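Same chain, two partners: subunit A is paired with subunit B first, then with subunit C.
Right, the complex of A and B next:
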């Protein structure tokens, strides 16, 4: 990481930490909490789907399960007050536990079939939430009451969500730089070839899926405590996955900063439209339109496309390949000895 | 000299089409072996069976005496068989160096150094930071060869290494193979370029309709009547006297 990038990162973090003080209004911090929740979720989704190329439309399974796991544990174990935050690791564990059998089944297939399986599993979980008694059926579950002051109620959630977002983005950065991340990206390009070079594809994919599922479930727990309730259509919301996918696509699929940028653009935008226009469908229509615009004009996402434009500007007028740096593009002069050997 | 790689009576069918029929091939350690035959004779299918990309219906595959029949590709690679493909299969969205590191078995500290050495060996080290998808076809051939080499396999299977590349690059590839072979590396090469095969290989096996029709030194194989009938044609035999191309 160069100095400029490091300075930019420090500045962004400083602004993020100071945000509740700069904009103390609960309306503003509410935007902040939701945006950061989706930064964490989009990054978690991206670590699996963006890096491996397996597009999951079933991550709401983890998000909802994390919310329900926390709600059920708090209810059945009679945990109230700030003690419920101690249950967040449990939500992550439940997400990981679900991801193992889910992944073992879904990751046996690829591309469209994988997407269809993730959607199917999503609906199974939504139906279970509706029909099991321990999930509260269609009424769902309520979170324990937190007796915090209304004016600053959002602030602890803001910092918890910030910790999740920063932590997950750091994990994504580490994964992308690691051998594990390299193997995931090789799988995205050509899974069979990667296997032929010694990559244990199933193990690598499953590890990423479990990591992604655990973090998504943990963030689902935070979301549940913030919203104070969960019902089947909100915990297992099909629009959740579409939003997360759009965030990653808009920002830059498979990049570290892309999903962060996408979440910071889309989630506050959605909230604003929902508040501004009481017709809830408007934000969904605009979300769909944005998806089309992104696919048509920035198919690789804002970060990769922007980076390409900057590179083009920086290298305008320069030769495509520096002669001294690139070496022979192909052997320029035939090697006399092998030429004789091979041509005989 | 012992057989490093051996297929023993391998059968493979795709629906009603028999791609391999009692196919027995041996590659001795430290040699360059060629596998030739007309299109559709089963050469690439045999490669796929050996490397775990296709399952044999019957028969066995042995590496250094160890049975590896129908082992998955990752295990076959770990056991010491590296391969390239007829149509190059690189990772286009990774850089050239990252392509190398996918296959590397070295520790993080030495992996990069070793990968750069292999890139220098094949002649594309200058492109290490470029996205592999931006390389020319010939450079992709070299990259594919390099990232197989980086894991230091016991035997390397090259599927048409000279296919679709210019003469100077063919010569370059041949030189690299000779150099590696001189250092003890074993090769099994599928190739349609007869000059390349006959000039490079110690042993040549000829497949036709999934069956081995001839095997032996290039001089013997090129004059074998069954081979001429199946593949080489009368013209080549008439034009080239035995031993002319050595």
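Right, the complex of A and C next:
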């Protein structure tokens, strides 16, 4: 099974790397770039919100700040051409710098209040982008011009986005397996008890928040360079948060592959609908409806629910507990409680 | 200067009354169902559009139209609660209900765009355009009428909650749902009716908002819900008195900052929320709840 998973992983990576050669048209690679950007962002969101249970509806703060940091640095330091890519670490640093005070304020409160604080901070940032002069006000910022061939323009972005997506997913996998990941999930299940058992809750939550924010800001920078412009409502977009949360939820909150799958399903679907119904309102209705269907019918996400179905199929006809295990050793049998998620 | 400050305070109190009406619905829903209805903002806008349609097509007065729109919004609320909120159970219920209400908001917003387009509309009537001269200030009548309506409805809600049998079962459910069920309260019915009432007040709020805000379109719901959320958190989630106080406080603060720095007024709004929560995480009137706050 493990070898099968490794082979599957290699196959998926091979397809991902070969994608621009298999579908060289800019239309197809455009879908690829956006899908991978959202894979990275959904995965980064999930490392904080999915693992810790603190649902953030303010990750657009990092996404937009990364985009703006890059735009402002490129403009003020007169950096043009390919050199702007060297500024991507700066975007990540800005994201981390914002995450520290943001987290110190917001992570003091839980549940609904936390969610609302993240929304409030999000609106503060959107309004700051509108009102400050160095952000270019409502007309926003333009990225430096890249004089690349139109036919292959998307390809470098595709590979950068792929690197972000793969890197972030690998980080999520590592975090999930680590002591740090266990501490995060302990906080999700019962924060007070986790603290009682010696987890430094604030430090753990803040670390995850900063990590998540830094990666989101980095990807925001990539997005800005790809789109070549950012305005306050596009950089700080409430629908961005909702889409990211929907991706993670649909795939499976707190799993590693769930947000990846969710992003690969939803982002191309959303792009397609936006292109097909140019007014965009119908796609909004469909996004909402999809959301309702997902929450009502696969409430725990595709990966956990699907994993359960596969397990049920694989064990069909076999007794749930082996007869000889029903003796004194029975309590040691693994408990397939819902709290235990598919760890793929 | 002093004159402008008085004017700002008056505006803040009058507009705050209207926000209080919308915020009370939101905080009531939170108290009983333990969910935050993100769709409340766009429902206010839906209420405004309903009033607009009644006024434009059937020439029904805005206030008389409430006799139609309030029951209509009540029914919409009960249906949404029954179809989408009630089935949710389990560990992720808090975040799921939030997302469900967000999805409902998106769908309503999309439908409003499809039906009415993105153009800004204003509700108009004689009392919107003409003003009354009191103590040297010019106040459009709608501000006074709207404030009066808000006061009447908030008092009615108060009487419903504190003077009726139904209100007692609502308060019991807010305090302890399990215990309420044990003494024979049908908490499902209470939840459905509370959601309906919380949504129904948005019809009245929407009408006044549509007439006083200087124009609305389907997108206005976001601005509104973020303000309402700030208000109910500041007042303490589930506290009706807190929602009233916080509405007036926040809107007055915004009106005051607006005198000097109009473009920063709304930032002050959210910054005040963050500052208050730093000092008092449960809000003005919120009960400190160790495990959940």
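In this section, the second predicted complex is superposed on the first by the 320 of 344 C-alpha atoms of A that agree within 3 Å, B and C clash if a C-alpha of one lies under 4 Å from a C-alpha of the other, contacts with A are read in each partner's own complex, and residues count from 1 in each chain.
Here is the rule we use: contacts are C-beta pairs under 8 Å (C-beta built on N, C-alpha and C of every residue); 3 or more make two chains touch, one makes a residue touch a chain.
Because the structure is a prediction, the values reported are computed rather than measured.
Looking at the shared chain after the overlay, A:105 reaches subunit C, while subunit B stays out of its contact range.
With both structures placed on the common chain, the touch criterion links A:289 to subunit C but leaves subunit B unconnected.
With both structures placed on the common chain, the touch criterion links A:201 to subunit B but leaves subunit C unconnected.
In the superposition on chain A, A:113 makes contact with subunit C only, while subunit B stays out of contact range.
Using the contact criterion defined above for the overlaid structures, shared-chain residue A:183 touches subunit B, although it does not reach subunit C. When the shared chain is aligned, subunit C comes close enough to touch A:124, but subunit B does not. Of the two partner chains placed around the shared chain by superposition, subunit B and subunit C are both touched by A:192. Applying the stated touch rule to the two superposed structures, the overlap between the subunit B and subunit C interfaces on subunit A comprises residues 192, 338-339. For subunit A in complex with subunit B, the residues that touch the partner chain are 179, 182-183, 185-186, 188-190, 192-201, 254, 321, 325-335, 337-339, 341-344.
Contact residues of subunit A toward subunit C in the complex are 53, 55, 105, 108-113, 115-117, 119-121, 123-124, 127-128, 130-131, 192, 238, 242, 245-246, 249, 253, 279, 281-282, 284-285, 287-289, 291-292, 295-296, 299-300, 338-339. Listed in rising order, the residues of subunit B touching subunit A in the complex are 51-53, 72-74, 76-78, 82-83, 85, 89-94, 98, 101-103, 105, 108, 123-127, 130, 136, 138-139, 142, 147-148, 151, 162, 166-172, 174-175, 178, 195-196, 198-200, 244-246.
Contacts from subunit C toward subunit A in the complex involve residues 30, 36, 84, 87-88, 90-92, 94-96, 98-100, 102-107, 109-111, 113-114, 222, 226, 229-230, 233, 237, 263-264, 266-267, 270-271, 273-274, 277-278, 281, 290-293.
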